[in-house]
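In what comes next, subunit A is part of two complexes: it sits with subunit B in the first one and with subunit C in the second one.
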Partner chain A sequence: MAIDPEQTPRAKNGRAPDVMTPGGWVSMREYPENEEVDFVIVGTGAGGGTLACKLAEAGFSVVAFDAGPYFRPLEDFASDETEQNKLYWTDDRIVDGDHPIKMGSNNSGKAVGGSTVHFAMVSLRFRPEHFKTRTALGYGVDWPIDWQDMWNYYDEAERALHISGPVSYPWGPKRGRYPLRAHPLNAAAEYLARGAEALGIKWTETPLATLSAPIGQSAPCVYRGFCVTGCSTNAKQSVLVAWLPRALKAGAEIRDLAMVGRIETRNRRCTGVHYQREGEWHFQKARNVVVAGYAVETPRLLLNSANEEFPDGLANSSGLVGKNLMVQLNQAAWGQVDDEIRSYKGPPSLAISEHWNYDDDKDFHGGWSYMSQGPLPITWAKSLAGGRNLWGQALIDEMARNNHSVGLKMVGEVLPYERNRVTLADDTDQYGLKIPRITFSLGPNEEAMIDHATDFMDKSLEAVGARERWKEMDDTCHLGGTARMGFDAKTSVVDADCRSWDIPNLWVCDGSVFPTVGGVNPSLTIQAIACRTGDRIKQMSARGEL
Partner chain B sequence: MAETFPDYDVLAKRNTPSWNERTRDVIDARMAKVERPDILAERQRDTLRAVTARVVPQPAHRAPVNATALVLDKIGSDNGDGFRHHELPDVREAWARGLDAIDAEAKSRFDTGFARCSAYQQDEILASVQNGDVKAPDWATLPPKLFWSWRLIPDIVSAYYAHPSAWSAMGFGGPASPRGYVRLTTNRHDPWEASEQKNDELIPAKVRNRHGY
Partner chain C sequence: MLGLSVLADSGLEHYRGSFRNPAMVFPLLSSSMAIGFNGRRLEKPLSDEKTGPLVSHLTSAATGVVGLGFHLYNVMKRPGGLTFTNLFYAAPAGAPFALALAGALGSTADRLARGKDTLGPIHLTSGRAIGLLTSFGLIGTVAEATLLHFRGAYHDPFMWLPVALPPVTAASLARDVVDDQPRQITTSLLAATAAMGLIGVGFHAYGVARNMGGWKNWRQNLLVGPPTPAPPAFTGLAIAGLGALMLMKKRRKARG
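Our next item is the complex of A and B:
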């Protein structure tokens, strides 16, 4: 009987699962707990998994922890929305504020590979000015990193993920070709394209982290459309498939089903992490600790690690840990057409327009992009029930018209506000750790952007003959902020190298370092930052600056 | 409404390359689920069954969806999907209190339990929960609109649309791994997808896909 990866760790005894073969294994180096490893990394998602690879390849000893299971997609993943709930972070979290955020499947993964195991693969670069919104555009705060610097690391990430994209990308500075050709459009994407052309703006095939040609042991995408519930064919270039096999090969150890509960400090430096695995608490010694748990778990761990030296939590002399939580706006416009759309086929967002990231003629701050959509049945039923108050026979009948529904969904920039934040609640979870309380409210700027975007997307649908149009006004996606990078210790948590101002051997490398979130999906930027951080650590180490 | 996909059954693909082994296992197990008698009180289960029947009516000509059993399973697991609205209790308690309150609402309006009300009366009660204009005092500690939109609707709708009968009725392709799809563009479908009935005529894929159709 095979072991259940959700109950029993797989990465043990000198081997880790081979994600490319059912039942397969690859060898894995292991480090004893009392050996002080160079880097402990908490979280193996877009930030942590990428950095684990970079640091191991640079020759550092690395142990990367993930609270979630180590899946082999080919044997563990079903084509089924419900079963695949096992990919999400479903531990208890309390949400409040004027617009409480729906968590879980919407934005948080709990698996080796992090949220990229179930992400939609949209892989975009920020607009250059979005790294300097304060000085270039007059809102938000500047990043301490230059866009030119980021451009090199975007290149590196795009190559590592074999991004498939258009021959020339219509927006932003001139760039080289994408590694692989773009995927074909499905009907929903054709509708986006025709709508954009009718309104006189540009569109293109979406750059995606799923293969359009075979690479190594991965076969190309088969257009099955279950991407946000995990790719069972390994076409998707998640961190699980793209970075972690490299990390293992370079000598990193990965500990699955290992929840880090507290970071230990002595004499104002980290000494290692306490983690729970197989029902028991352990301690791993480390010279450096990197936190990469995403925008809720990262501040939660820093706050839960408060001790006598750091009574307000680690890296928190600025008081900013947990603050400036940002989501991205994910509102949509939908309509009915005579054509058969059947948007369940193919990756959900095969066409995109970034027009409104690059056009500043708007009466609000920030940018947004929009993409074609392909919701699976449960997601669509919840949209209809929530957005149009349908239930009973009305819901069933409307569901039966889904093959003629077509929609567009925005990814919109939310501004950083200190009142939107992650704090600790008094309740505890299954590990005995205090659970997070997530407080979120939209501001007038966000409301204005939502109006602008939903009106525009509605017009695009109208222009291609969609009828019975409606707007889905209540959806968010992607998290950011809560441990922002910046220029000084007073106004930020980490510096441009993701190193904490307060504790020199504590680092944060994930979506929480974003000072602003821009109007594109974040994961390529997170991976580019991780690539940069890896290089910076290597340089600093060579100069004896660690 | 007449069936849109009368000759289509997702389950017919169970033994084709559209279903991998893992998918077969989880869907077989799901369809075999019966109502657990150890979750909630009997009266609450009766109410839940009646609520489910109104919120997601059974498909007309297909095997019934065991939505109540699936919701009970979820209540039993007490798994809240990773977030809890600060004004609502945990899954199990929210459901127990919510079902009691719906029953109490039926009594205050129609002097009988929810399960014994007519379909028309039941819909009126459910609409009052949805809109928040409730009468029963039980709602004082459970905001009806939040219970409706954060618990009742997502849980029931997710259970119903996890079942192959519901997928077949809406013409959804269903499981699709390792074989995905070939024809992605407007008005095209693969032979293993649902053909749609239009003006009483069923146009199979091989006709539909002919050039110039």
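Our next item is the complex of A and C:
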């Protein structure tokens, strides 16, 4: 009975896994390949999965593809970091530049539900000025979407994910009450709180996409602490748990283990996608194609789809597909304290300060926030080995003191630079597709922000009595920017509705449309954009503008 | 009834806190003692035993008041001090109050059983003092339920019930006390509140079931789920309120 979900597709024969019950199934509508469906969506993460739900509920026929397996969290997820590497996209890629990006856990996912299956659940809104950095703050580039418009879609996404957050959020314009109350703080979070109070800045409980009260078939969070290797209780409101069951119910089809390799065009319009499933190449006809593969796979697919009509790749008349790749800075400060911390207990980022997203009195551009940390053992060993060059007995001895280690980690804004980009390498992967080359270098602005942030976090730890403090200087998280949205076809790839300027029935809906990445985790913003795009498509369809 | 609710609830919650502060056993001892003495009073209403019950009721009241201090200290010492998160997750500030109430009600019952009309300067036979105390008790218990059900984000509509009904009951009882006129509607409201406290155990048991592993994982979920022994505190108070009404009626009859 036990089939390997990484080898054999599960969503087939009119049914898909019911992630809420062990061994359960839900019925799934299936579309024949020669039927021209309204929307093919490539990727089922924060962008694609959310949009699949929105479009299916709006009455469109939707087939959503994911290259990864359809996991059942209640059965397939182990309390084991190594086993859970199966959630990351670890296919061949070339990374280069002055600061090559470590691809894997912090910035990719290869599973139905995408990287939200293992994200840290931090669900924050951009500050209003983040949408207008050029005109309001003098750097980067403006978004073509107004923050007030986004505020409504943040509301929608927060309700759908039953976000647990503080009763009142200390920064930014008024927002509605979070659907659920905040979780209790663990010791690591209390250290952030006391440090912030000692330094005279505000802190709060982090709004998280994990339940603090039972909702539907999901039990509240049990504080198991393996959030970033996949929640095995379904308290985490990943796309796999929150949006896709709704999408299936509304008639969407999900094809797991289905790698889309090329988008076909004729007469300058998309006609469908070529995809590999169970070792064979297939073609699915579609009226519209949405690419939602995140900031590496999205430009890769657009570039790999180059043909006679579009020799530079699809949607690339601006030449910007793959360019302006951004990460977020993820440096940390650590120390030792007398108290027992056991920071791996509970969600890893229970407390946050967004002070430096709202205080613009800095000698560099951009914002950053910081959160308490709760690394699992292997992650911690890697931090110590990489950050402090500990090895052998010295590493073992330091690992043994982990229960008293406490740390703070930043999420910092990286500016868009055209030199940071995704291109195609000549090598090919297991599907026979050209692999991406990911080129990335930090600039002086990022270096200044890192210095500022690590110094400040170090001061916060010092203020609460942490000793033997050290800084972890080499880490990044999240991606964005390789198919940016904008005001015109010359300076952007898609418009505010995520529709490509060049091909009217080609859309991009994921983090790659971000013109700037802001100083907070991006997942909620991606989902809010997907909600907005879903509504816009519905409106345009009603007006016959598709 | 109130004593039982306190014993079970504080036992469960203080066990959860691993009795980290040795003083955490006191409410268990004093509520057990209260149950013992009050139970015996039920058996032998005319017993002239004085010292034991008196010590018990005084201990209950004192433990309640001191506990209030401990719980407030526990809230305030956390980062942020008086914040919602600390009120939700630190020691519940209002809970020890129930023990103090149990002490006061126990003393009252004692005095009345022995045919005494007063407890210190307070006249008891009219029922009005007990009625007022019960009204306050109900309001305090409602405050606790309101806070903790807000922590649960009122995810189940029935969670509004203990927030909505008892204040009406308390107001009606207070009105009767002020007017010195027991009304039928108050009796009905008190009966409904008493029933609600018992039904609440069922809802809380369902709440426990909705945690990961359900009742199969009872050793964990009894501690993290909604507290099953808490709702009967309403029942205990409502019964005291009914007693107060009876006293008021009796006296009116006597006056003719």
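As a convention for this text, the second predicted complex is superposed on the first by the 546 of 546 C-alpha atoms of A that agree within 3 Å, B and C clash if a C-alpha of one lies under 4 Å from a C-alpha of the other, contacts with A are read in each partner's own complex, and residues count from 1 in each chain.
Keep in mind that, in the parts below, a residue touches a chain if its C-beta (ideal position, glycine included) is under 8 Å from a C-beta of that chain, and two chains touch if they have at least 3 such contacts.
The shown structure was predicted, so the numbers you read here are calculated from the model rather than taken from an experiment.
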Which partner chains sit in contact with A:Leu185 here, subunit B, subunit C, both or neither? Use first/second/both/neither.
both
Is A:Tyr88 touching anything from subunit B or subunit C once the two structures are fitted on A? First, second, both or neither.
first
Would you check which partner chain A:Thr233 touches, where first means subunit B only, second means subunit C only, and both and neither mean what they say?
both
Have a look at where A:Asn402 lands relative to subunit B and subunit C in the superposition and call it first, second, both or neither.
first
With both complexes overlaid on chain A, does A:Glu197 touch subunit B (first), subunit C (second), both or neither?
second
Based on the superposed arrangement, let me know which partner A:Asp18 touches: subunit B (first), subunit C (second), both, or neither?
neither
Tell me which partner A:Val222 touches in the superposition: subunit B (first), subunit C (second), both or neither.
both
Hey, what residues of subunit A end up touching subunit B and subunit C alike?
184-185, 190, 222, 233
Which residues of subunit A touch subunit C in the complex?
166-167, 179-182, 184-185, 190, 193-194, 197, 203, 205, 212-215, 219-220, 222, 233, 235
Can you name the residues of subunit A that touch subunit B in the complex?
75-83, 85, 88-96, 100-105, 108, 184-187, 190-191, 221-226, 232-233, 339-342, 344-346, 376-378, 381-382, 385-386, 389, 391-393, 395-397, 399-403, 437-438
In the complex, subunit B touches subunit A at residues 1, 4-5, 18-23, 25-27, 30, 54-57, 59, 79-86, 90, 123, 126, 130, 149, 153-154, 157-158, 160-162, 166-167, 169-182, 184-189, 193-194, 196
Write out the stretch or stretches of subunit C touching subunit A in their complex.
78-80, 84-85, 88-89, 150-153, 155, 207, 210-213, 220, 224
